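Okay, here's the structure, questions in a sec.
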Amino acid sequence: MIIILKPTATEADAQEILAQIEKAGLKPLHMPGVERTVIGALGDERILQSLHFDNHPQVEHLKPVLSKYKLVSREIYPHDTVIDVGNTPVGGDQFTIMAGPCAIESYEQLLETAQQVKASGATVLRGGAFKPRTSPYSFQGLGVEGLKIMEQVGKEVGMDTITEIMDVNDLDDVARYTSAFQIGARNMQNYTLLKAVGETKHPVLLKRGLSATIEELLLAAEYIVATGNPNVMICERGIRTFETATRNTLDLNAVAFIKEKSHLPVIVDPSHGTGVRTLVGPMAKAGVACGADGLIIESHRNPRESVSDAAQALSADDFSQLMQQLVPFIKASGRTYQEALDAS
Amino acid sequence: MIIILKPTATEADAQEILAQIEKAGLKPLHMPGVERTVIGALGDERILQSLHFDNHPQVEHLKPVLSKYKLVSREIYPHDTVIDVGNTPVGGDQFTIMAGPCAIESYEQLLETAQQVKASGATVLRGGAFKPRTSPYSFQGLGVEGLKIMEQVGKEVGMDTITEIMDVNDLDDVARYTSAFQIGARNMQNYTLLKAVGETKHPVLLKRGLSATIEELLLAAEYIVATGNPNVMICERGIRTFETATRNTLDLNAVAFIKEKSHLPVIVDPSHGTGVRTLVGPMAKAGVACGADGLIIESHRNPRESVSDAAQALSADDFSQLMQQLVPFIKASGRTYQEALDAS
Amino acid sequence: MIIILKPTATEADAQEILAQIEKAGLKPLHMPGVERTVIGALGDERILQSLHFDNHPQVEHLKPVLSKYKLVSREIYPHDTVIDVGNTPVGGDQFTIMAGPCAIESYEQLLETAQQVKASGATVLRGGAFKPRTSPYSFQGLGVEGLKIMEQVGKEVGMDTITEIMDVNDLDDVARYTSAFQIGARNMQNYTLLKAVGETKHPVLLKRGLSATIEELLLAAEYIVATGNPNVMICERGIRTFETATRNTLDLNAVAFIKEKSHLPVIVDPSHGTGVRTLVGPMAKAGVACGADGLIIESHRNPRESVSDAAQALSADDFSQLMQQLVPFIKASGRTYQEALDAS
Amino acid sequence: MIIILKPTATEADAQEILAQIEKAGLKPLHMPGVERTVIGALGDERILQSLHFDNHPQVEHLKPVLSKYKLVSREIYPHDTVIDVGNTPVGGDQFTIMAGPCAIESYEQLLETAQQVKASGATVLRGGAFKPRTSPYSFQGLGVEGLKIMEQVGKEVGMDTITEIMDVNDLDDVARYTSAFQIGARNMQNYTLLKAVGETKHPVLLKRGLSATIEELLLAAEYIVATGNPNVMICERGIRTFETATRNTLDLNAVAFIKEKSHLPVIVDPSHGTGVRTLVGPMAKAGVACGADGLIIESHRNPRESVSDAAQALSADDFSQLMQQLVPFIKASGRTYQEALDAS
């Protein structure tokens, strides 16, 4: 529930109400504004009603939060959230490009790819050190060694970094060596992991599960934010449908829907969303057009040699060409990007 | 199979080969070019091989058509097909807007809506006279009376027209009163209907079935073209998935994929593709960005009074605003649109 | 709405009410019973309310029909419907086996297969004369010649027959030569065809569309019954999902659900529902166990030579073995079958 | 790869080959038989080929394992695996019933439910102590306290027990207090968790993910077995499709398919597979009929008071009635059950 205080309410009034909410076992939220203070109270609606805030002399009115997700909803925070991934702001006016290989294979491979994608406009370097693989017999990633390579390459090239975390035991390492966590589609409802990253303030890119509804995706984000970490970015990376011509079905409806309902930034992954190299470009443009805040794209110095997801990785040339083609679409969507690139 | 003749081959050589193909019970295609003639032969590959064209002295080489669809494939015709819907060219450089109400309700309703959408840039008027309804107890459309209203409004306002055909018995009426057939999602594999429209030269907008794969959609188009009507436009209108926040999942991957594989124009329907008024705009922009040749959008002079699909229809103001927002995206995609609008 | 008359109501009272319903433009249903008469009124609920039957002196009470489907619902007819396919009753206590090849290929092929499946317990012979094929270049069936073969074989072997109808123009031929229509998955929402078979009294097996919800399936059945033909059997034949190990996902939940909500007989098709020969047996047993009234199974005298669906057809031996294995499951489900077989 | 040794091969020959496999970095499997010894070698096929076992004098022949899953495949172990969940054998001739409430709510609730389900034939008690909930604001389970209640009730009533594990940190507690782990649908590809339970010998019921393919499910089982725990049971609990009349679509095709391809026991969950109380019975019977080794069913002493999944829980009476109805189907499937019940 949202509790809007009267303009005459003092800080002491607000603190008294917040204390009452907490004492009743609910989650209090303090949102002081210029004209008036807004307070949130999350939890069992029946307990909320028993507190009778509607009769409180300093309460102007109460507004229920209708969606199941609360903290991630625009009903509570109407304005766009901007999250700092290292030095890269994600959300708001800026359009962000994250790029890099599927897996970190070696220092040389990551360095070369990083230099290439940075030259074309990417500011965040992606790459997997821990790889969730369907078969136990597939390459599982370089592990901590990969994280260290990523940190070194990030510093040398001047890029922020993001990598997937699969195991709570790797939390400290991933937080130490990279700028942001990625939670993969298979772990979207791994609540142990969601709560663990929720206990940090490290940015999190939360990928949609293969058959997760939009509501489930936003509730998974709610887990992280409710635990205490507001720095969540949502990632649409394609859902599983009956169609087999493409690896997944990129659900851009979901991007437009989430941008309307939630204040969190949304990133589109046209690489996994299509699984087909030649479709990455058109769908990257469509992602920009439907209102996404950024893209995460797989690029490899030599796609044919990629140990995983070779069919969807862009070469340096293809990536460079796509970035140039994106500029008019980013401008059409009212975002800044080329300027940032020019200045860099 | 594609048979490329040598530059020295004469028209008589081509005719002889075409006759051999026909005699063997296969479908011959004649594609004379500036430098050399190309011949197509469609049908049982074993019979084709038994004709031994690889040994023919005037044949340069043979190329198999790998996809199951042949005539609609870029393997046979690499260049974009442009189809004339009345005076509106669809495909190629031009970007086309089709708009109008879900159902034709009355002369006044259609006239007012047509004037509004034309003023904002639409050139083709849509509206249903025969409505496929899930329940036998729902409004089934005005029938032939609706067709006559559509013809009259089209003439008065100066727009081309398109409407759904569900029954072979209505073929003559729909062809007489409107500029193009629409085949709805439920009838995408109604082969009787596909063959019937295939026997005309009237343009056909073929909508993707709710759970049709891209291959099945292109094979349905192949039915029409193979029967004799090359004037087919493909329409992506959303597929059925597990997601319930939106009415359907607009599969823009399919648009990018079809534009790569087929020479036919592709139209995106963001109204049925989302089923949510506020999402029509973002997804219309995404449709432009991923390479579509046009959009078909539901607009109603008073969406609240619409007898069907009220939740997804745009008001005249919303439609006008969207059309203005689309212009920079259409320009970014290298298409002409504003110019045509300015000139009209 | 259901109108239950008082025990004192006369036939004249009933006729007066039926006339009122009809005059108001609604569909009247007359269901005289032993103790009291029940009348149905289908159509716009607002018109119904304006008739004020709740104030009628001979009306005991009114009961709304909550489901969107009316005539096919147990809310209106609570008892199981039994439909006569030639001499074979479908529904009720009897368990029915329909079997035969995917396509009618020749007199000899159909005769031999019919003799085999009849010897194992099937009473209805299936086989396609008109084949809906995804590609225009695939075998499209023998047409009317196939129908004549089916009639002849049915008479010689002593079996009732069923075949798919795709085109309204074939209606008279299919009705003349066979015992029942089959409407295929692709045509489940071909309303022209539904209405056409609805104007006959010939039995109809209505197959579920690949991505049709249960509600849409029952509403398609409602189209046929509302047009005037009560002899509808529902067929679950697998739906389209993300799973690719099987051709379709046989949705037996739907069978249990429909048996609860509708009085129409339900037939399970484990051949199309799995697409894998070795899975037909287990799923046939599961179909019996979940409450189906019968099975329709593809069998071919020589599956390897089958012109279509070869991977799912059972040989005569496999079919015979399966029928024997089914007997204890049919008995466990409280149906009669072995008795009928013994007597034949 | 499977390496079949000649009858003349000695134990020393086998050990030498196993050593070679291990030295090359592959996983060796020793399967001594009565007539001859079979050896498995899992890992990179190229390395395997470089070992040239086809030239070894004591090797009769080599057989590749075609499926991606190896250890769980019947290609390697053709016979049914039987797993002991406490004193309850799962798999083989016996048919097993697991039953209990969705969540452990209190000692009294679990005790009463356990007594009821045991009296009707269940031998394994289910109930959640750690609940994976879509919303962070829903009841999350009693935790370790719930585990202790389960242990106490299991001892008092004389039942084996199973409960879900979500967090590697709870592994020791869950193993100590219960007879088997359950891994829920959301965690089917939580590889950290799969490997952790793989390092124990405690039985594991692995539930299929909402949109996991059969191959992915078997590969998830392979993770556990390859890590070292062969005691894996597979659970089909419904997949996510477009259908909304039921909570999930119970995919019994998958049960029949897995029974054919894998030697692991398969359990069907008709409660989650339908989400509708009245459909649990028909689908339980169908589960028996298609070849499952057991059922897991939600039952609650008072379904209306259940804190979660109330719509699908059976009352004691409904559960008792279902168990009696199941007996003839279990007998028809050639399994023993009633005998065991009589003896207990």
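We call the chains A, B, C and D, going by the order they appear; numbering starts again at 1 in every chain.
Please note the rule applied: contacts are C-beta pairs under 8 Å (C-beta built on N, C-alpha and C of every residue); 3 or more make two chains touch, one makes a residue touch a chain.
Note that the coordinates shown come from a computational prediction; the quantities given were computed from them, not determined experimentally.
A.B. asks: Name whichever of A-D and A-C has more C-beta pairs touching across its two chains.
C.D. replies: Pair with the higher count of C-beta contacts: A-D.
A.B. asks: List the interface residue numbers of chain C and of chain D, divide the shared ones by all numbers used, and answer same when the ratio is over half, different when under half.
C.D. replies: same
A.B. asks: Give me the C-alpha superposition rotation for chain B onto chain C, in degrees, nearest 5.
C.D. replies: 180
A.B. asks: Taking each chain's centre as the mean of its CA atoms, how far is chain A from chain D in angstrom?
C.D. replies: Roughly 35 Å, centre to centre.
A.B. asks: Mind checking the centre-to-centre distance between chain A and chain C? Centres are C-alpha means, answer in whole Å.
C.D. replies: Once rounded, the distance between the two centres reads 50 Å.
A.B. asks: Give the residues of chain C that touch two or more other chains, as numbers and ranges in rising order.
C.D. replies: As it turns out, chain C has residues touching two or more other chains at 211, 215, 240-242, 244.
A.B. asks: Report the residues of chain C in contact with chain B in the complex, numbered from low to high.
C.D. replies: So the residues of chain C in touch with chain B come to 42-44, 68-70, 132-137, 166-169, 186-187, 189-192, 210-211, 215-216, 219, 222-223, 226-227, 240.
A.B. asks: Residues of chain C touching chain A in their complex?
C.D. replies: Against chain A, the touching part of chain C is residues 211, 240-242, 244.
A.B. asks: Please output the residues of chain C touching chain D within their complex, sorted ascending.
C.D. replies: Residues 211, 213-215, 239, 241-246, 249-257, 259-260, 273-274, 276, 278-279, 282-283, 285-291, 328-329, 331-333.
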